[in-house]
Each structure stands twice: as C-alpha cells, then as structure tokens.
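Pasting a structure below so you can have a look.
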Amino acid sequence: MNGLILAVKIVILILFLLISFAYTMWAERRLLGLFQLRWGPNRVGRAGLLQPLADALKMLFKEDLLPGQADPVVFRLAPVISVFAALGVDAVIPFGAPAHLAGRTIPLDVANPPAGLLVAFGLSSLGIYGLVLAGWASQNKYSLLGGIRSAAQIISYELAMGVSALGVLMLAGSANLTRIVEAQARHGWFWWKEPLPLAVFFLTAVAESNRTPFDLPEAESELVGGYHTEYSGIRFAMFFIAEYVNMITVSALTVTLFFGGWLGPAFLPPVIWFLLKIGIFIFLFVWMRATLPRLKYDRLMHLGWQVLLPLSFVWALGTAAVVALR
Amino acid sequence: MSGWLIPEGVLLAGLAAVLLVAGGGWGRLASWLAGLALLASAAAALLLPGGEHPVLAGAFLPDRLSGVIDGLAVLAGLAALLLGPGAGAVPEAPALVLTAVLGAEVLGAAGSLLTVFVGLELLSFPLYVLVALGRSRTNLEAGVKYLLMGTVASGLFLFGMALIYRQIGSFTFLRLAGESAQPWVEVGLGLVFGGLLFKLAIVPFHMWAPDVYEGAPTPVTAFMALATKAGALAALIRVLSFGFYPGAALWSPLLAYLAALSILTGNLLALVQRDLKRLVGWSAVAAGGYLLVGLAAHSVLGDEAGLYFLAAYGLGAIGFLTVAGVAAGEPDRGPTRQALRGLAYRRPGMALAFGLAALSLAGIPFTGGFLGKVYLLQAAVAAGQPGLAVAVALGAAVGLLAYLRPLEQVFRRDAAAVVPHPAPGPALVLAVTAVLTLALGVWPGPVVHWLGQAARFYWLH
Amino acid sequence: MSTGAVTLVAALLFAVGLAGVLVRRNPLVMFMAAEMMWNAAALVLVAASRHWGREGGQAAAFLVIAAAAAEVGIGLALIVATYQHRHRLDADVLKRLRG
Amino acid sequence: MTQSYVALLVYLVVALALAVVLSFASQWLGPRHPGAVKALPYESGIVPEAPVGYFSVRFYRVAMFFLVFDVAVVALYPWATALRHLGLPGLLRGLGFLVVVVLAFAYAWKRGGFRWD
Amino acid sequence: MGMASGIWVLLGIWLLGAVALAAVPPARARTWSLAVSGAALLVVLLLAAAPPVRGSLPWIPAWGAALSVSTGGATLPLLLLTGLLLPLVIIFSPSGAGRLYYFWILVAGFAAAGLFTTRDLLLFYGFFEAVLLPGYFLLAGWGGPGAPAAARRFLVMNLTGSFLMLVGVVELGLAQAAVLGHPAFGFRALEHTRLGGAAGAWTLAAFTLAFAVKAPLWPLHGWMPDAYREAPPPVTALFAGLLSKAGLYGFLVVVLPFLGRALAPVAPWFLAGASVSLVWGALTALRRTDAKLVATYASLSHMGMMALGLFSLTPAGMAGATLLMLAHGLAVGGVFLILGVLEQATGGERTLGRVGGLAVRAPAFGFWFLFFALAVLGLPGLAGFAGEYLVVQGLVERAWPAAAVAVAVMVLAAWYMLRLFQGLMQGPREQPPGVPAGLGAGRGRLWALAAGGAVLLLLGVWPAGVTARAGPALVRAVRYQLPGTVALARVPAAPAAEGGVRR
C-alpha cells in the first residue's frame, strides 16, 4: 500500500514538474511579450497553449550532434546531471498539508528526511556539475568559459543562500521542511521576521538558476550560449528543463522557508495556496528578466561575496542573539 | 594555569593578529608579531605552573610533557622565522609557521585521538603550503608529494581512530587506558601508529622525507626537522605510554624492528647523498628510528630519552641546515657539500657552528646528540633490547661517515667556496643552536632532571 | 543497516582509496583516492556514533569533513600550481625529486 | 526515517532514469548527417585555431573560498537548529567559532582575495 | 673540589689554551701553543710531586654520572706522557702550520688529559672519542696525498668500535641500577659490577673491540699503516706516542677492574692475540723498507708487548705495562719526530737503501735517533727495559709460553731497530739528487729531544718512581674482579694500601 502511494506521488510530482516546466516557459514567453509590447507565441493552439508541445517535438527530432573533440561520455552525462539534480530537489518539498484519505494520513511530499533542507541544498548543488562538465566536455572556448563562470557564480551565491537560511533554522528549530512550515503556522510566516534573508535568498535563488540579471554563463551576446553552445536536440532542451524546473524549485523553497509553504486562509486548499505563491515568484522571475540588465562578472562576484554574504551573516548573528537570549 | 591551555590560546590570538596584519601586506610586522606570540606561548608553557588536569572532558592533557613539546615547537618556529621561510617571502609565512607550531602544541597536549588528529592536521596543512612556498618546480613537487603522502597517512590514522571509537565508544586516552585488549582496537592502533610513524618518517613510511626535505625551502626543512617530529613523538608517547592500554605493549617488538630498520636505512642512504638537505632528509629517517627506540622501550626512561634526543637532533639539524642554506646562497639551489669547501678558513664562526651541529648529529661526545644516544641506549638496554642498542651503535657508525663527508669539505684548504656573510637572523639561529647543542652535551644535568619529572608525571596518571 | 555492515562498506571504501593511491599516477586522482580513505573513516565514525548513542562520533565526522575541505583547498592550489608549471599531471613526471 | 530515505532513493532513481531516457531520445529519433565541419567547435563561424587553453586562476580561488566557507556554514546548521535549546552558552560557543570564520573572511578580503577584475 | 683543583687547572689550561688561539695572531700560534703545553707540563709535574688527589663535581645526578677525576693509579704516568710529548710535537711541527693545526694539537692534549684523569665511565667514553677528532682532523688536513682516505678509515674503524663500546658502557652503567635505583657510571661503583654470562661476554667483546682498534692490536690494526704513513711526522708521533696508549689504558682501567670476572676465563685467548700482534708486528717491520712503516710495525709489535703485560693479570705485568706505556710513548714519539726531520731533509724520500749516511751530515740527530731507537727496543738502563722486564716477569708467573715469545721478539726488535738505524744513518753515502747538504734542525729541537731522553734515562734507573705508585692502586682497583691478582701482589686489599690518596 505504501509502495503504491509512493508510486502515485512520484508519478504526480514528475508529471507536474514536466508540465509546469512547459507552461512556465510558455508563460514566460507570453509575459515577456506583454512586457515588451508584442504578442509572444500565440499561434499553436489557443493562445499558443500547444506551443510547448510543438517545441518539445521539434527538439526530439533534431539531429543530435557530438563535437569532434568532445569527451563523448561526459558530454552526454552533463545534461543528465542537470535534469536529475533539478528534479531531485523537489522530492523533499512538502506541497501541502498532510491529506487524510480513507483513514490514512498521507504527507504531501515524496520524502521527508529529518534534515530536508540540507538534502535540498545538497541535491541542488549537484546541478553545478552538469554545467561545468558540459562546458568542459564540449572542448569549446565559449562553453568552457560559460561552464566555469556558472560554477563560480553558483557556488559563490550558494554560500550566501546557505547563510540566509540560517535564521529560518534558528526560528523553526529544525531543518525539516515540514516542521519549518508548521513552525510558521505557530509563529507566523518568517518573511516579516527575516526580510533581509528573504531578499538575499531570493536573489541568490535567481542567480542559482542562472537567470537574468545573473545569466552570465549563457550570455548569448558574448558566449554564444555558454556551456550549451555545442548542444543540440533534446540534450539542448534538457538544460532548459533544468533551468525552469530550478525556477519552480527555488520558488517553492522560498515559499516554504519564508511564506508559510502551503499555509493560507481555509477557503482554498493548501496545495492551491502553495501553487499560487510559487506562481507569484515565477512571475517575479520573469519580471526581473524583462526589466534588469545583465551584471558584469566582477559586479556579480562582488555582490555575492562582499555584500550579500556579510549582510546575511550579520543578520543571522542578530537572529541568533534574539533566539538564544529569548 | 596552563591547565587552561594558555600557550595554545596565546598562539591562537597571536595567529589572528598576524593573519590580519599579513592581510594588510605588512610582512615585517607580521614576523615580529609572530615571534612575540611564540615567545609568549613558550613563556606560558614553561613558566606558568602546570594545570595537570584533563581539560574539555579529557580532550586535552596539559601537563609537563606538553610543556616540553611547546618549548621545542616554539624553538623550531623561532628558527623558521629567523631564517625567513620562503624565497618569495609572502607575508603569510609567519602565520603559517605559527599555525604549524600551534599544531605541534595541540599534539603535545592531546588527550584524545581526535585532538591528535586536529593537531596533526594543524601541523601538516601549513607545512604543505610552506614546503611549496618557494614556488619553484622543486618546491611545488615537494609540496604535492608531501600533501599526497600526508593525506594518505592521515587517512590511515583516521580509519584506525574510527575503528577504535567503534569498539570502545570514546576517543580519549583516559578511556582507552581502562579497556582490556581487543583485536579490533589492536587493528585500529596499528593504523593509528601507521599514520603517526609517517610523520616520524619511519621505514616503511619514510618515502616522503628525503624528497620533501630536499624540495622544501631550507628554513622550512629546518622547521620540519624539529617541529613535526616533536608533534608526532608527543602523540606517540601519549598513545603508547600514557594510556597503559594493555595492547600497546604488544607493539613494542614491532616498533623495535622498525626502529632498527629506520636507523640503518636512514644512515646508509644519508651516506650517498650530495645534496645536504637530502642528507638531512635521510638522517631524519634515521632520527625517527632513534626516537622509536625510546618508544619501543615502553618506559619512562624511553620517553625521556626520546624527548632529549629530539631536542638534540632538532638543534643539530637546524644548525646544519642553516649553514647549508647560507652557504648555498641562492635559495633555490640545493646546497651541496662543495658549497662548504674551505668554510673553516673563510667563516670560522659558521664552521664552528656547523661542526658542532654535524658532530651532534653524528653523536660525538660533548654534544647533545651524544648524550641523546646514551639516553636512548639506556632505555633500550634497560628494556632488555640489547639488539636494538647494537643497531643504534651500528647506525651511528654509518651515520658518522655521512656527516663526516660535508665536514671534510669544511676543512679543505685547496679551494674555498665563496660563502656570504650570514644575515643577523641566521647568525642568531646558529649561535643559539650551537650554544644549546654544546650545553646539552656538556651540562645536561638540569635538563635530564626536568625531563625525568615531566615524563614521570604523566606515567603516574 | 547494522554497524558491522557499515564498517564493512567503509573498509571497502578505505581499501579502494588506498589501492587508488597506490595504483594511479595522476596526483589529482591519487588525492581523490586519499580523500576517499578519509570519508571511509567518517562513515565508520557516524555509524559508531549511532551504535553507541553518543554524538561524539558525529562531531568527529564533522571535524573530518571540515579538515578534508581545508586539505582539498590546499591540495587543489598546489596541484593547480604544479599543473601550471608543467602542463601535465603525472606522478611519473614528479621525478625531479627522486624518491 | 529510513522510509523517507528509501522513498527519496526511489524518486531519485526514477528521475535519473527519466533524464537518461530523455537524453537519448534525439539520438534515436533525430536524423544523422555527420560532417567534418559540423564536428568543429562552434566559434561564431571562425575556424578555431588553438585548442581550448587554460582559464584564469581566479576561478580556482573562488572554488577554494567556497570550499572552506561552505563547510564552515554547514557546520553552523546543527548549531542553528539547536540554538533555542542551547541558550547563552551555546550562543557564545557558536560565536567563538564564528570569530574564526570571520577572521578568515576578513583576511581573505584584506588580502585582495575578493578583487575580481 | 679541594685538592683536585690541580687537575681542573690542568684541563682548563688545555681547553682554554685551545679556545684562546682564536684571539692569537696566526704568527704567534706556535709560540702560544708551546706556552700552553709548557704550562700544562708544569702543572703535571706539580701533580706528580704531590700525593694522588681525587675530586668530583656533579654532572648528571639522575644517571649517577659525575665529573670525577683523580691522579691515582695509572693516571700519572700517562699524564706525564701527555705533558712531555705535546711540547715535543709542537716544537717539531712544520713551520707553515696555521692556527687550526695548533688548535687540534691542544685539543688533543685536552682530550688525552681528560681521558687519563677521569674516573667516570661516561666521561671516559666522551674523552675516548674526543681524542679521535684531533687525530682525524690533523691527519686529514695536514697529511700526505692519501691522508683523507686514511683519516676516514681511521675514524670510522675507531668510532665503530667506540659506538659498540657505548652499548657496553650503558650495559655496565645499568648493571647495578636494580640495586641503586639509578644508573651509575662512577669507577668506584663499577668495581662492584657482577656482569656474567652472555651480557658479560658481549660487553667484554664490545670494550675489547673498541680498545683493540684504538691501540691497535692485531687483527684490528687495519687503519694503522696508512694513517701512520700519511700523517705529518709530528702527528704520527702523537698517534703512536699518545693516542695508541688510550686503548691500552682502557683495558687497564675499564676492562680489568669492571669486567675482570668475565675476562679471566678467556684471558689466554687475549694473551694469544697479543702475542700474534707482537710477532706479526716484528716480522712485518723486518720486511718493510719505508722507514716510517718500519717504525709503525715496530710500534704495533710493542703494543702487543704492553697488552701481554695487561692480560697476564699479574701486578707485575700491569705495572710493567703502565711503565712501558710511558716509556714507549716517549721513545717512539721521538723516533717519529726525528724521522720527520729526516724526511724533510731528503725531500720526502725515506726508503731504506735509497737514503743513508745521514749521521755524518747531522751527527746530533744521528745520536738521538739511536738513543730513542734503543729506548724503544728496551735497552737496559732506559725506561723501556724496566717495563719489559716487569711484563716478562708477570708472564712467567701466569703463562710462560707467552713469556718465551716475548723474549724472542725482543731479539727481533733489536734486529729491526738496528736495521732501521743503519739504513738511515750509516749505509752508502750517495744521495738521490735534490737532497740538501745539511739538516735544517734547530737547536731548540735538539734540546727538546735531550729533555725527553733525560726522562727516559731517569725512569730507566728509577722505575719505582712509576711502579711503586701506580702498582698498588692498579691492584686495588681489580680486587673485586680478579682476586687472584691481589693474591699475587701479596698486599692487603685495604684502603691503607692506597694510603696516599686524599679526598
């Protein structure tokens, strides 16, 4: 029975992620169109709703190129790692309050390890390997530079991200994501207690998913796509799957840590609340992409190491003092 | 008072200050600060009355043994600072030296395997960097080699430690002492010994020593000769002697064999070396063997002897290398015997210091090295290991030749090599090592007395 | 999983690491193999910690990880510097120092 | 608890399988017209001359900073989680640890480790 | 400290004299060294005039080791030898020698004086090795073309023996640790040692090895010919006259008193070894044509003679050997010094048959050469004779075959010594080209030789000056180990026998 429940949950989660990836992409293109006073994809299906499907099919039937000098194994491994890491994180994020079904309590997450936040961070860190290895295995100067840049950027911002989450851990007294949400049910959502960490967390989250204004690794204008220059077909698409799933994931994490996860007034089911909140953050992602220019590399690193990291450190210390002395 | 780990604390505070000063690029000020911190640490170790109670739940045992080790480590650190580590002279060098000394001090006061591990790594990490600091190919190679071998050795140590913990549920020597002999603990101890013997450069864990000693900048080699050995010896004394772990005595025969092997191998291979640093590297292998003689005796006397010999050996090696370094002139060139040609006529003072150091290393009477060997022989004979004593004697005979060949060059009259005047730092190091070497050899009474008390103390725990 | 089984796995890891150090010639790979030995130890520590119901082993494992990180920092720096010097990584090339 | 990890493992295996299958889809479905020029690295149309070289040592620096500081931060997680039970002594000990971390950070900053241009 | 201050002063003179050379201008080094050795000789003579003294300073209390010194027993004769020989060596030293040369000479004086006065085994060991260093450096630095190799062989052979002996030293020092609660290295304490069985045997072996190499005795003399030949003549004199005695002195004051119990059963083997030394040396001396080598092997032979005296384990043998050490040291030292002068004069040529007739050109040197050669072979009326007589007497008491060998070799000795004299001094007159007409020897050198000769003469007519004083003390020292020797001496083993010793 447990196995069946698990299987159902896994299938639902993966389907959800794949579908929402597709429609996040669609939504982004449509929104960008609106921001830029144009239409965006609106021909395939009603309002372009079938556009993602068309894109996917196109990608599937493209030729799969392998550059002559490339390391064939690593070259093929890299996108797998990216997608795997992106999908993996979502296993530990609770999507809603435990459901009661036929006398059983079913937690709405695939897995609930005691230190779920650490697992989430750990799995998401794996994603770097995908980018770096892609860059390295392509044997292309742009790709290599893109891969290395992405590694430097992601690990730099990961540090600030980790520190910004410290305050939440202190307040919740647990690294378990369900507990953190429950704690917010008791003490109120954490965003108003931890506004600065929230800002840092979200910013670093944007950087982690290589999104504008932190999309240096891809930087079409200078790196011709960066780490995925040499990729084609579905392998090329996989990096996009990873990017968009990451967007969803980090939005979910932000919501879980700072905005009470699935919590919300009872007139809507918790899962819907959760999805709504995620939607808001995805909108923010798109908004930022439409509005902000790309940072220069040195500015980016400076921001990560010398602004975000110390700021969140100081804030974490303050939180520590408050929590310990209360 | 040192029960509160004041020497270590002082060093840590000094380290912080030095690091910040070095970060600003004020290398000279960093050096002075580091020297000050070292002196303060030694003063705290030797002048403040020993706390002699376990600290932090037995993780530290600040007693007189730790005082001895603190003193020796500080000596090595001061020598390194005065000799000016690293040809490139990065401002961080003093901080690295300080960290390594801190590691040795932690080892000296270690009360648990975990503390030993921390001390070991604190000692090793800066050394990996210091060895490579000259940034020449040789330096870097030596650094990488040391790093690789050191990592493996630490791996052995760690796995042994983990096995012991798995069996008895604790890291502290106090707990280990209470256990009865168990096979898994024995296996763990074996691995732990492996890791520690590596630092002592005992055959078959000696492969790194000649290469690293040769490849490191001379001041760093000098530092290693005393400081790493001090740290490793302290740790081994704690593991072997402090705990009275019943199984530890079983290791004595094996240690005795390794000691004999190291002594003979080290001395024989020292004999054929042209490069003086490499010579010291092999002699370090032999010296590790000598130290192991004391440990294999598994007695108070043996531990005292080990400490005494260590002091004598370290001073000798520092003096020897200092002269070699000055004589070689360019920091990157390995000092060979030829660089010393005619030193006795060009720079009689340096020649005197070199002679004392070489004779002490060879174990000639009225130098510290001689009495160190007598001490060790006493321990071996008293422990009923005359065979080991004979190995010590034979090794000394071979080793003599090794040191004699450079010494011959010093007195050669046919052609004198150009040797620059030593800078104030090296000159001071030479003066101090020469005086201490002589003092240890001529008037050892007080030191012997003091060591006896130090060693007896922790055996009585 | 029982402590014994974990220890067995750790012992295997340890052996693999040791073999890697002894057999491979690329310093980077050798270094990774040596780190594997460390991690084997950390694994045993964590398992033993659970076995005894004491947190000491876990703390020790943490310490090991921290030390390993520091070591990797130094190790990579050295290996990269060597690499820049000779553009090839091979322990057989590290022959300037006989040994 | 073990159940959680088993579930996680199963999920990860599924995710991995999905990723692997997906990645080979184009290879099976797509056309194949290999060519010498196609196999060249793409450099905006210019024929590549030198092979891929080296990149700035700055990137290694970032890697090492990350390594050291990230482990330090991870070490803070258990402390942060348990902080409400530790009280003032726990706070002080954690601060002691932080002092060292901050010291290292300050040193790296002062020494110009974070100068990126 | 008290009455022992004379000894401290003596040691101080040597050591400070050597160190002070650093401040002496190079041109004055020789004069300064002569003054130092003269002052030392003066102190030795004063000590000889006074009754035996003994003193002790704390050194390493935890080990039962102290800076103990005394002038009793065999010390004084050997101290006299040191005092007399060193000025001679300095006077005969080459004029071009620098400060470093004299430094090592004075250090040799210090080490020898320390070795002969100390009464602590650890300190004894220290000086025993310290004696080697000046020998090594003098040989390596100022010797002939083959000197560095010879010097290395000298040092390594000797130190290998010494290092093994160090194990024996420690074994002895710890022998009574169980009783005393700490090690003890003082001679007084060691007399009571009861090391038997395997430990005793191999301790004895270790000491024997070291002392026999140092003396040297057959078959451990491998380093000797090269070293003696390659060293500058004054240094050879130092080796043959002084350093070689250190080995025998070791047998006398360490092996017999502390390991006599282990030695007694195997003493015949030791006698046999010494006899071989005696015969081998003599026969080889007869066959060599290099003048220096003849003297060298003669020396080896005489070392065997002295060893025979010691291993006879009789009072007469021990006293005779002591006297012989002094006499032979002076005499053979003189021979080598004069050989040096001749060598200088002939431009390095010293092959018998290619030089000759030197007595005509330098009658004074010819005379003194004959005198010292006769002293070496033990002409009645000179000190050597009394010594050899006593040795033979002791051998007759214990092992008459050895006595017969000794007497026979004494005849051989006459033969090779005269052969040497004739070959150099008489013989054909024609000289190899380039040999200067006269011998550039100063008047001072002749006076110095005369002084040495006077001492040999004095002791020849008054051997009791040495034997009466040293004998009883030597016998007393072995009373716990070799009761048989005491019985032979027919002197009560009471403190009264050493009545002259003061604290």
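A, B, C, D and E are the chain letters, set down in written order, and residue numbers restart from 1 in every chain.
By definition in this document, contacts are C-beta pairs under 8 Å (C-beta built on N, C-alpha and C of every residue); 3 or more make two chains touch, one makes a residue touch a chain.
Computed from a predicted structure; not experimentally measured.
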Query raised in the report: Can you list every chain in contact with both chain B and chain E?
Result: none
Report task. Starting at chain A, find the fewest moves between touching chains needed to arrive at chain C. Result -> 2
**Report entry** Chain at maximum distance from chain A, centres defined as averaged CA atoms
**Finding:** E
Query raised in the report: B-D or A-D: which has the larger count of contacting C-beta pairs?
Result: A-D
Requested in this report: Point out which chain occupies the most central position, where each centre is the mean of Cα atoms.
Outcome: B
Query - Remotest chain, chain C as reference, centres from CA atoms - result: E
Query raised in the report: Taking each chain's centre as the mean of its CA atoms, how far is chain A from chain D in angstrom?
Result: 14
Query - Length of the line joining the C-alpha centres of chain B and chain C, rounded to whole Å - result: 25
Report summary line: Cα centre of chain C to Cα centre of chain E, whole Å, reads 64
Query raised in the report: Can you give the whole-Å distance between the Cα centres of chain C and chain D?
Result: 19
Report task. Give me the residues of chain E that touch two or more other chains. Result -> none
Report task. Determine which chains touch and list them pairwise. Result -> A-D, B-C, B-D, B-E, C-D
Query - chain B residues within the chain D interface of the complex - result: 16, 19-20, 22-25
Query raised in the report: Which positions of chain B touch chain C when the two form their complex?
Result: 114, 117-118, 121, 125, 128-129, 132, 135, 137-138, 140-145, 147-148, 151-152, 154-156, 158-159, 161-163, 165-166, 169-171, 207-208, 210-211, 214-215
Report summary line: Residue set of chain C touching chain B in the complex reads 3, 7, 10, 14, 17-18, 21, 27, 30-31, 34-35, 37-38, 40-45, 47-48, 51-52, 54, 56-57, 60, 63-64, 67, 70-71, 74-75, 77-79, 81-82, 85-86, 94, 96-99
Query raised in the report: So in the complex, which bits of chain D are touching chain A?
Result: 1, 3-5, 7-8, 10-12, 14-16, 18-20, 22-23, 25-27, 29-33, 36, 38-44, 48, 51-53, 55, 58-59, 62-63, 65-66, 69-70, 73-74, 76-77, 80-88, 90-91, 94-95, 98, 102, 105, 109, 114, 116-117
Requested in this report: Flag every residue of chain D that touches chain C in the complex, lowest number first.
Outcome: 54, 57, 60, 63-64, 67-68, 70-72, 75
